[in-house]
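Note that chain A is present in both complexes that follow, paired respectively with chain B and with chain C.
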Partner chain A sequence: MGYTLNFNLIWRHFDKLWGGLLLSLELAVISIAIGILIGLLLAVWYVSAGRAVRAVIAAYVEFIRNVPLILLVYLVFYGLPTVVDIAYSAQTSFIATLSLYSGAYLVEVFRSGLEAVPRGQLDAGKAIGLTPWQRLVHVRLPTMLRITLPALSNTFLSLFKDTSVASVISVPELTYGAQWINFNTFRIVEVYLVVTAMYLLTGYALLYALRLVERRFRAAH
Partner chain B sequence: MPIATPANPALLDVSEVSKSFGSVAVLRSVSLQVTRGEVVTVIGPSGSGKTTLLRCVNFLESYDSGSIRIDGREVGFRDTGTRQRRSERDLAKMRAETGMVFQSFNLFPHLTAAGNIMLGLRKVRGKSSTEARAIAEHWLGRVGLAHKADSLPAELSGGQQQRVGIARAVAMEPKILLLDEITSALDPELVGEVLEVVRSLAEDGMTMVMVTHEMAFARDASSRIIFMADGGVSAAGPPAEILGAEIDNERLRSFLARFRASHF
Partner chain C sequence: MLGQIAYALPFLAQGFAVTLWVSLLVVVLSLVAGVMMGVGLVYGPAPLRWAVRIFSDTIRGIPILVLIFFVYYGLPAVGLHLESFWAAVLALTLFKTAQVIEYLRGAVGSIPKGQSEAAMAIGLTFRQRLAYVIFPQAFRRFLPPWINGVTDAVKGSALVSLLGITDLMHAINQVIGRTYEAMPLYILGAVIYFAVNYALSLASRRLERRFSFIRE
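Right after this comes the complex of A and B.
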């Protein structure tokens, strides 16, 4: 094998990777924030709604869970604008897709969390005269969040990795940066080695930070 | 034994309340009147409907027929006599008139001892944070836990948690306090500290209805004992009479005999 590793070209274009990593993180953070909102709203709606609403929410969740993310990305970016008269950038389109995607998973997470709140706590909330809204905000949600925090961390971590799918619609995140360097320098092994290390280190750092937050949360409660 | 009269109307008036879970009748036309300052103990075998009765009084459970009034007002249904369920907001207001202490404590795990007591004071009674804190500290002092105000439930023993549960209920200044087997989940050595708190509340004139298996406590602390069996009131009277030897009620006799056999 006459191939010798040469990272010089990678370092020369490292700004593509660094900028890509930051964009990946940004996409993940924005998407999970919107996803949490979607997940919370739908989960609260689900547990208090009738059969029709439940069926609609369940259909949304099942649709998202059973369609590959990459297909959803294509559908929203290429499919939707041809049917409906809207225009958006690849990045906006991807954030919308990833938000809907994480939202569907989080509906399930939050729904089971809400249902796991002990009945006795809700009775206690009723007994001191809290209204249904006050019981939700002051009793049910705080306990639910404690229960679901580990699942939230995991969802966030997989979302961070899922941002690599944005490369298929040319959003300049980390994987796209790697492809760009590959096309322009042909240092395929080097660039993917570096990018793998970047995903790994960032993912590990995120996991560590989130576990710290979880532990802090558990200790304080 | 205080009897409700026009001059001293019943604070709690349970009238011919019936309730079924599916085909199983858990309450059969139960009637019960409690006047201000009375301590009424409900005893009976498990499955006799004691806890369900208590949960109907603050409408944690609905019932099929009859009425439950506190200070003359129907608890769960509108005063129009149509058995139209109150709105959730009105139900919340009605429930704030009663306090309840639970067998499994049911403290809010994310709030400190003081926080548990303050939640209702702030959100239901509209007190400021400072006022609520002062009231919480007062009641924590009353139950001997002034030093635990900032502890979380997980850091407290069962007996301490239950005392916080009592403080949470009485801090709301309810017209009537419902105690649902509040010592049943406690280790024997922790029962005394909780009952001591209940006794001091009784001495203050707090109106209470309690379900308990602590017969000695029931005899000492209550003004009246109700014996329930099969969803109905089987016997009622002052403790000396109900727990006495001459009672002419076969079910009660066998309940007490079985009870004594298992507890002594």
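Right after this comes the complex of A and C.
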């Protein structure tokens, strides 16, 4: 064994990890926000659309779900700018990738959620004279969101972990910070122990908070 | 452009073989480890249950990439020297094992308690109860999520490219490094991964349907 733990160098560079953790959270929050928009739009469109549109949406969902995230990250950051004339930072590119990625998972979540809204609620909405738009906004979506909340928080937690992949295009999030300290101080075991603890504490704190939110919304009805 | 890609195909095929080999190893090893630890989680004494629970919750709570780096860079530091290939397989297997534990817990947990009690009542030993009563019934709950998880293993295997292992992902990046044809190669890579994983998820759906009825 012959390895003595020494955390001094980790604490000296802790700003790299702390800043990284905040950036990881930021990436996850922005991506899920955009992902929710994508997911909602496509799910609502899917359930009311014809066969062609459905096929296109299904193709998007299946494509994203069956390709490794790291490949998508490379494709958007290194591949896309070679064929279309756009320039973006690694961070923007990663947010775009993770948004499209979470969007694909959320289309599925929302679609099954929409289908799980009881028929009677929609009929009741119709009976009191709501327009189709009002039925969607005031009846179908709120109920659907309540149904899908647990799946939504699980998606957010796994996105938070997926932000580690941003390190491969040098976005300075938590895993990148860990590697930086790893390569510059060689306190390998220490840095990964600290980073593991940071991911775990943050992840489980988020889980706890999200479960509270879920309970609050379940109790409301 | 197409000529260059055609020229690279044998190289990509080698990488693809490594991807499949890594995935296969991870899937098989994690199945064995996960089922054993899952049984420990459901039926074991309290200390074992706690150990498995902590293992599973820790592993599932961190990014798979962190786990890979931890194993790859961390093991030599404590005196264990593994080839990068095996370090990667070990890390991915640990990750997958935690998932298999949860699939098994869910599947076994879905079997009514009466089944176990009835088996006990007719005098079956623990091993017989598992082999003849619990596992055959739990199997159809275990299979669909597990096969879905196989696609995760194939996708996760792309991360081993970061350790310099020439799997499909790494082979693609190397060919791009020589040809500067980024987009066509990434799309080709995506199509290959998609073909494998989509086939697996179709198989999973078919099996799910096949096992979705309850045989009385």
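Simple rule for what comes next: the second predicted complex is superposed on the first by the 221 of 221 C-alpha atoms of A that agree within 3 Å, B and C clash if a C-alpha of one lies under 4 Å from a C-alpha of the other, contacts with A are read in each partner's own complex, and residues count from 1 in each chain.
Keep in mind that, in the parts below, a contact is a pair of C-beta atoms (placed from the backbone, for glycine too) under 8 Å apart; a residue touches a chain by one contact, two chains touch by 3 or more.
Keep in mind the model is a prediction, meaning the values are calculated, not measured.
When the two complexes are overlaid on their common chain A, residue A:Gln91 makes contact with neither chain B nor chain C. Looking at the shared chain after the overlay, A:Arg146 reaches chain B, while chain C stays out of its contact range.
Of the two partner chains placed by superposition, only chain B is touched by A:Leu130; chain C is not.
Of the two partner chains placed around the shared chain by superposition, chain B is the only one that A:Gln121 touches, whereas chain C remains out of contact. In the superposed model, more residues of chain A are touched by C than by the other of chain B and chain C.
Once the two complexes are overlaid on the shared chain, A:Ser102 sits clear of chain B and of chain C alike.
In the superposed model, A:His138 makes contact with chain B only, not with chain C. Common to the chain B-facing and chain C-facing surfaces of chain A is no residue whatsoever.
Contacts from chain A toward chain B in the complex involve residues 118, 120-121, 123-132, 134, 138-139, 142-143, 146, 221. Only residues 58, 61-66, 69-70, 73-74, 77-79, 151, 154-159, 161-162, 169, 172-173, 176, 182-183, 185-187, 189-190, 193-194, 197-198, 201 of chain C touch chain A when the two sit together in their complex.
On the chain B side of its complex with chain A, the touching residues are 58, 60, 88-89, 92-93, 95-100, 102, 104-110, 119-120, 123-124, 152, 154, 168-169, 172.
Residues of chain A that touch chain C in their complex: 1-3, 62-63, 65-72, 74-75, 78-80, 82-83, 161-165, 167-168, 175, 178-179, 182, 188-189, 192, 195-196, 199-200, 203-204.
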